[in-house]
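Chain IDs A, B, C and D follow the sequence of writing; residue 1 opens each chain.
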Amino acid sequence: MKNKIYSSFDQAVEGLPDGSTVMFPGFGGGGLPRNLIAALHRQGAKDLTGVSNNAGALDDKVDVGTLVEAGQMKKMICAFTAATHPSRITPFVQMYNNDEIDAELVPQGTLAERMRAAGAGIGGFYTPSSVGTELAEGKEHREINGRMHVLEHPLFGDYAFIRAWKADTFGNLQFRLTQRNFNVVMAMAATVTIVEVENEIVEAGELEPDHIHVPGIYVDRMVTIPPDGIWY
Amino acid sequence: MKNKIYSSFDQAVEGLPDGSTVMFPGFGGGGLPRNLIAALHRQGAKDLTGVSNNAGALDDKVDVGTLVEAGQMKKMICAFTAATHPSRITPFVQMYNNDEIDAELVPQGTLAERMRAAGAGIGGFYTPSSVGTELAEGKEHREINGRMHVLEHPLFGDYAFIRAWKADTFGNLQFRLTQRNFNVVMAMAATVTIVEVENEIVEAGELEPDHIHVPGIYVDRMVTIPPDGIWY
Amino acid sequence: MAEKPKLERQAMCDRLAMEFQDEWIVNLGVGMPTLCSNYVDPSRDIITHSENGVIGYGPLAEEGKEDGHLVNAGGQFVTAQPGMSILHHADSFAVIRGGMVDVTVMGAYEVAGNGDFANWRIPSRKGGGIGGAMDLAACAKRVFIAMEHNTREGGPKLLNRCTLPITAPGVVKLLATDLGLFEITPEGFVLREHAPGWNPEEIQELTEAKLIIPPDLKEFRFRA
Amino acid sequence: MAEKPKLERQAMCDRLAMEFQDEWIVNLGVGMPTLCSNYVDPSRDIITHSENGVIGYGPLAEEGKEDGHLVNAGGQFVTAQPGMSILHHADSFAVIRGGMVDVTVMGAYEVAGNGDFANWRIPSRKGGGIGGAMDLAACAKRVFIAMEHNTREGGPKLLNRCTLPITAPGVVKLLATDLGLFEITPEGFVLREHAPGWNPEEIQELTEAKLIIPPDLKEFRFRA
């Protein structure tokens, strides 16, 4: 079996080229690959396109916002691009207001489904979400069974950074509760999937085949979070 | 909590109207709801449209072929409509050759994805499967990223008959190994989902939230298979 | 008149929650609507759904008892409840787009008499925050809104037509503000219940859209 | 000539299996191709995929040790193997359409020099049996075919153009018949290896399409 276990986060993100599209899961802090993000911050790749629910800086720990603030991101594709509150001006919002970073705003369900489509080899799909709004402007419309839909396209990543609960040596992953969020579709949509794991990686065969959320065929590199890693 | 537990298969299929579209999972015998099919045979609904990987009669036990042979089916939507071997003339093949039953032949992956689309509120999707073949004739084509795709439509069911390994009183379901097959997407695609369960139905809370394959919101009626039920 | 007491946010959310029916799958948006979860009639059998992939979660976690792996769509720590199940994000929005959600309760900047509403973008600010609101608004069976009746500056928020970019067209069915409960019908806003001490004329004065005042207008119902 | 021994089915499948590379995800079609699983070089690290939703299953189950819940796409009982995982049918075809399958091995009625092949429908019979073949043929990285060189009546099956309705256009890369191993190139069929005792002219005689005979033509390789 191919060895997918890397000894450090730095090693796991080595060689990630400038200009890559990187997918970052996480929702409310759970399932957010903070250690890999910190490693990418140290690694210094630039001109990245980030795919994420939001542009980060939601707490005082490392998140996508760290990469934004460091100027490593050229564009964010996410479901939140404005300050959630006028007083809450993140580095992203500041840079976005100054046209120093690009952004594409996508409804959250469409964002998730576009990644699922990329992973599932679907060339495009019709959704009723966003019809009649500013975000549907310029998109191809089609009435299906009396209801208007817009055409949406698959969203591929070069890399997905994943945060899992358990993993085995083959790369099979399990998530715990709402930690799962975007992790599954991002692992499917990206060419290279790198995982930080909250528990020791077990031998193949120790996880129940029925309870695996991401099959190991989607996983390329894994690192167990060490005691001095970033936990939550 | 609404009581979804029915005391018999006959009670569970009571009132299923003539002309309904009924989805039948199962692949290689696993996940095939034989008890519910037997009950529908006794119930006698007619002019049904069946959605299934094949048209049944694959062994000497009750399966979709039983309903076909009894004349309850007006149409089958499936991935196999011919005899797998010239010597293997099932009742379906005979009736189909005599134009006594309709059929729509769908590639297996497209069949599964069409049901997922129905459940997921997707109005249609583009797939490269079947492009350049007889089955793509008359379908809308579109080149996406240099590759030709065909447009496929969601496939809804009025009823799904499901065979599960475990269930709780809320209707959460678990499947064992390849028993899972079409069960999940059929439960999503159908208006009314009826389940036969291989184990005693446990209290809500006894199944791990992370290990549920079909959330109870998709499930309407359940029956535990009794000792004298049809097991495999 | 500015001194006259208006309805508390909790009362507004309680009132919307009273409309929830047995077996309803309910999605509560970030902010005020999550207050609805503080009052759900215990005789009602409500199923919670949060777009980050959890069905059937329980009340907010007590301080010190939070589980870092269990949050709602607002990022608040919630509790597990028997029968809870987890989906990944795409499957969670499959539930939403598939029409399984009976009601979504959201906040808004503006609501119009044609059922349009706006809650994601202020033109003076660049970008916006959509989250799952567009998917929910387009696909839930019912959209309920909880919001203040007027802007901080006293401007109207119940409008003839939205001035801000809308979240979805023609979907709002019921609206609770700090001045009353409003149904949106093909004819426009109907004032169903008025805040105590407020008469329809006073409410109309603070409203751009023409309110329909039905003969059976009632006083606002509070939690029992 | 009809008496001259041809290759056994197992040898044909062994030969195709020799081409499998480390880490390849391999999908073996119903019928002859499943014989490939009888010979996989143990030094090779192959990952099996079956379209009914199982990744990383092991060899066929011994009689009496079958697990009724674990079958491959041919409905045969297979065994669990460490690292195995299960997907539902739509997610299993997501693996296929997503381009994760490195090779699919199928049977066929006809293969053409342009890479087309036909394996699902005979016009004299109504309907057909597609199963997952169209999805696999369109989306796997490579399509290998194992089939007899000629029909029972002695007719050709390696054709200039398929006469039967095709399964996918232009996808076949490698073909093993009972007379040899054929690569399909932009120029057409290249005879790479001939069955022992058969020379290229004899094989050409039983073939409709013009075969390209390369200078490095070899004898068919058997399992070590």
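Everything that follows uses one rule, which is that contacts are C-beta pairs under 8 Å (C-beta built on N, C-alpha and C of every residue); 3 or more make two chains touch, one makes a residue touch a chain.
Note that the structure is predicted; figures quoted are calculated from it, not measured.
Where touching is counted per the definition, the chains common to chain B and chain D are A.
Centroid distances from chain C, each centroid being the mean of CA atoms, peak for D.
The chain pair with the larger count of C-beta pairs in contact, out of A-C and A-D, is A-C. The geometric centre of chain C is 57 Å away from that of chain D, both derived from CA atoms. A separation of 34 Å divides the Cα centre of chain A from that of chain B. Computed from the mean C-alpha positions, the centre of chain A lies at a distance of 29 Å from the centre of chain C. We define each chain's centre as the mean of its Cα atoms; on that basis chain A and chain D are separated by 37 Å. Along chain D, residues 54, 80, 86-87, 90, 93, 96-97, 139 each make contact with two or more other chains.
In chain B, the residues that touch at least two other chains are 113, 116, 120-122, 127-128, 175-177, 180, 209-210, 213.
Each chain pair that touches appears in this list: A-B, A-C, A-D, B-C, B-D. By the touch criterion stated above, chain D contacts chain B in their complex at residues 50-54, 67-72, 74-76, 80, 86-90, 92-93, 96-97, 121-122, 125-135, 138-139, 165-170. Considering their complex, residues 113, 117, 120-128, 142, 144-145, 147, 149, 153, 174-177, 180, 208-211, 213 of chain B touch chain A. If you check the complex, the residues on chain A that touch chain C are 27-30, 53, 58, 79-84, 86, 93, 96-97, 103, 105-110, 112-113, 115-116, 127-135, 165, 175-185, 213, 232.
Interface residues of chain C, counted against chain B in their complex, comprise 22-23, 25, 45, 47, 49, 54-56, 80-87, 90-91, 93-100, 139. Taken together, the chain B residues at the contact with chain C in this complex read 1-2, 116, 118-122, 168-170, 172, 188, 203-205, 209-210, 212, 215-218.
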